[in-house]
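Letters A, B, C and D mark the chains as written, and numbering starts fresh at 1 in each.
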């Protein structure tokens, strides 16, 4: 039973990342009608915002300590972060320790700016072009972005730990008298995702801006005829989608250390999620994200893999095929979106 | 000729000519010169050019004509490769049975996958094909290579072992893939002055296959069937209300392009008898999409150009290192040399992906019709210049 | 005058080659005068360094490339000579190989068999490389080794740890300096016994491809012979990034040791996840829960950060070793690049030296002569103590290091500490050991 | 003799009864118009005839055979051709190619793997397509991309494509919607010519009374998903029920 609950938690946790990425992807599909293959790269850039902030906070000056030797036998250069010398070791240390949560503030403006630049500088020119062209150009962009990151940060994963206070495990089952321990940061990640998803839905549901965007998603031309500048709003939506992907990346770093190709790892999967959810459907993306996350977790159990060898590697695709064959437009897809 | 109109016959002959003399024109720089780095006229790369040319030509029959964007065509490439190596393992190293089987087996798989996937269109179709290909990849990489039932030999790749049956193998035959005794690795080196050219048996076999494929593709493009496929891309609704059943048309195109992919896979094994699972990964499927679009989807020669373009970058740019750069710019003063190398460094060697990514973007942004459009524009521009020159030349005497 | 010479030469050469080509299609080389593939005729010899430059192992590839360049520098007489000074064989003079200056070409394996073979082929066909070396994964090593066997050049494997490389996929033209899965198990087992006792229950998580399987088989066999139980062996997909759903069942499985048969990004993530789930601080059956990573690499340990603390594993070589060879290598590498070399860098540096030395001793670049010179060759001074290149399978037999993640690292490189140097005798096995059976070395191929 | 018999056809969309108890009989070699105000169910009825929608009840017989349950292409092969409200043509292909496709469909059936002989070798098809273009007075535009044609020409092309199959029944869905007056009149003339010269039945759904009364020799008026009356044009013009339901405001 507790094993079952643990896998549910794992699934929800995985699903959080899928849902956040897919949400952004489908927002861009829905609003701009653009297939954005660079969306995984945005997730990756978000993660590297956290890495960058960690590096910035750790910027150090060197003092030579003659009592210790480095690997070549020279006196060891001891590094002290500026932050620690400015704020004292306690506060400075705490700031460094909390670099990942702090990176949220750091990442939001950066990701929105990247989103704006991408949309205005590149994507804008591809609204009228075939989807194949959009795929190619955004795929090219994704390669460029990831190679640039690789150039500066290398190919190996970079450890970006969560704050010590959030690094341990919590006994979730204590309330119901069971022993279900789960990493605190993963719980944080799940709650964070739910919060972001709720915020996006609330934003679209309850603000005038959101209403216009939703109307635009349904029928761009009509809204345009009303004299509303829908393009500017869509640009902002692109920025928001980029920020969502970026935040998903920032918060993901303590779960698994980021590397430059993590975006590509998630890209194919998040496309499957979006399509299973149904093109252009925001609730569909979220639903499919969590659903596939949970199914993937259960397929990874020993029970599943001994019954059907290899099921853990193909479950996502099996589900995708079954869903698409039984529900032509995914779980909650709209008719006529991306069918030509 | 060959049932083609003059224009197509001409382009077929041009392609045939280029393919035959490729070992020469791809090696324009003397072997010892610094520019030899850019020579592409060695057997492996030339084989890759034509084999991926076949792959892309086939993909183009589906994507270019019907507009159905398959993201899983690498599966057929991989299946073809595995089939061919299995023939090597069971029958012996003659390439004919392997190539024939690779086309048949991939055709069967294409029929099954296409039958299911073509029930949907647009991105839903793309994701279905992607899902099938990724499943094939995942299974080939691990489950199908377990010791009890080793169909693919997993990560290492399927290869011929000494204890394989090879029923028809005789000692007089080469211990490598061969065509009735002519080894696919047989290479004739021709040294002309400072130049060195390599004429390779495997390359010419693949080249011949590519010409046949190219010829068939022209015939298909120009046939009523090709017309129907273009009609599918243009307006399925009208197709249906004109009494035409679109499903078998798209399925036939899917199977044909799957067989092309299988043939390409078989040839890959024929020139190098090892079939790796990576050939089926989505990135490999993506590659052929890129080749086709980059070259010019829906055009006859575009996919071949795109294939050559990508393979050239992969194989030539990845091999340029700082050492080579320094030797090129050695004539510059030291500081400047280092600076130039520093500037170019991110784009070569391990940075070849970056260069390729940038080029993708540039081509798509500025040449929506791919390289073929680039060529057409260049041709028009030259034509205009010529046209400008000619009248002035004519008017001169009058004055 | 020079003009006419060129044209005469052209006529002669192409004529001769033409008839030879028609009469008997030769493999790889055209002029039947050549004794073997890519026989170096000028004042230089070309080596092919085929390493991952893109993809997840690009950093290891980059480190290998640095070591290769250092080795070439040393062999050509540049720098401080590095391990040439401590190497037991003294035939290398610092004047290249057999007086020919070493040149090299580099390529990108992309950690894909196809790409690696394409890159190696271009080195052989286009650049005339007489030896190919490199790689950072077993699949690639085996694929390229097979190619080199067919082509008739020597392959000096880089980082490849699967038993198969010198087991069922061994080839006469291929040589491995790096240790393997069996050796990891054999070296780790006694240390684990001393540390954790004989009454232990192990849970295996294994990367689902050939290397993972041979690693799992080796370590499970070694620990079971100590009396340990194995509760479960779970295969994880290579593409997996989040291991939570594989780690969670460990919690209540009753196991008290988790063995992670993962490498690279897989290892970084699975270890990070295992620590996340509190496994390192867990107590099962009154015993501290332990995690073991059979194949350690410092570059990967860096990716896993603080999570490696106190976790044991094995490694081929580590820069903190204090023998003269290691010290000399670390000094010249560190001086040139500013940081200590990785084990991948070490093994490829050694391989390059060993190849050069074998050619020098054989007095020929002919692959068959090189094979003969390397087979059964014993040497010392390359950082691993006395080492044997066994003739039966072309595997090096040398000491294996058991290492542990350091609790208090003094620098970003100081992540592992050597716990034990397991002597070569203890990790040796018979050439026909079941884990290595089924292969056939075959005869050396010089391509002639 | 009636070529199309619709009996008791009903169709619901959720809570909306789009069609109920529709009975319709189209006589051979007539021009039969179906008119009605917006939302009367005209398009739904048409879609039921061509296989796009499956009615919930009733039967649709064409020339003695049921069309229900058949795919659109099968129904077309039975001899029903459809002209859409906005011309559905192959925009990426040339006018001549557009015209050849229905000829192939007529000759080769719903699917033929005719992949090797060139299109240019199909002399009979070429001849027939050229002849049809001639008839449509579009020969001079044969190498234009169909997408580049004017609205009126697209309509002519589409009608020509349908006629090239020699259908027994031609269904037209508001063929003059959105057209300028001159284009509308041209289309009326064209359709008149067709019905006069060919052995063909035409069923037309139309909004524009000018078109209806210029062409039709039988009219069915549909209101709220059910036929109000079926009669000759003269009688319809004078029918108070129709005036009330539909013409009252517009006539």
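Here, a residue touches a chain if its C-beta (ideal position, glycine included) is under 8 Å from a C-beta of that chain, and two chains touch if they have at least 3 such contacts.
In UniProt terms the chains read A = Amino acid/amide ABC transporter membrane protein 1, HAAT family; B = Amino acid/amide ABC transporter membrane protein 2, HAAT family; D = Amino acid/amide ABC transporter ATP-binding protein 1, HAAT family.
None of these values were measured; they are calculated from a predicted model.
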Return the chains common to the contact lists of subunit C and subunit D.
B
Would you identify the chain whose C-alpha centroid lies closest to the centroid of all protein C-alpha atoms displayed?
B
From subunit C, which chain is the farthest off, judged by mean CA positions?
D
Any idea how many Å lie between the Cα centroids of subunit A and subunit D?
52
Rounded to a whole Å, what is the gap between the Cα centroids of subunit B and subunit D?
46
Taking each chain's centre as the mean of its CA atoms, subunit A sits from subunit B at a distance in Å of 35
Two or more other chains in contact with one residue: find those residues in subunit A.
313
Would you pick out the residues of subunit B that each touch at least 2 other chains?
138, 142, 353
Where do chains touch, given as pairs?
A-B, A-C, B-C, B-D
Considering only the defined contacts, which subunit D positions touch subunit B in the complex?
50, 71-74, 76-77, 81-82, 84, 88-93, 97, 100-102, 104-106, 108-122, 125, 161, 165
Using the touch rule from the top, collect the residues of subunit B that touch subunit A in their complex.
63, 67, 69, 116, 119-124, 127-128, 130-132, 134-135, 138-139, 142-143, 146, 282, 286, 289-290, 293-294, 297, 346, 351, 353-354, 356-361, 364-365, 368
What residues on subunit A touch subunit B, complex-wise?
35, 122, 125, 129, 131-133, 135-137, 139-144, 147-148, 151, 268, 271-272, 275, 279, 309-310, 313-314, 316-318, 320-321, 324-325, 328-330, 338-340
So, in the complex, the side of subunit C touching subunit B is made of residues 6-7, 9-10, 13-14, 17-18, 21, 25-31, 53-54, 58, 61-62, 65, 69, 104-108, 112-115, 117-119, 121-122, 125-126, 137-139, 142-143, 146-147, 150-151, 164, 168-169, 208-211, 235, 237-239, 438, 440, 442
The answer for subunit B against subunit C in the complex is residues 39, 42-45, 48, 138, 141-142, 145, 154-157, 159, 161-163, 174, 176, 182-183, 185-193, 198-199, 201, 268, 272, 274, 276, 278-279, 314-315, 318-319, 321, 323, 349-350, 352-353
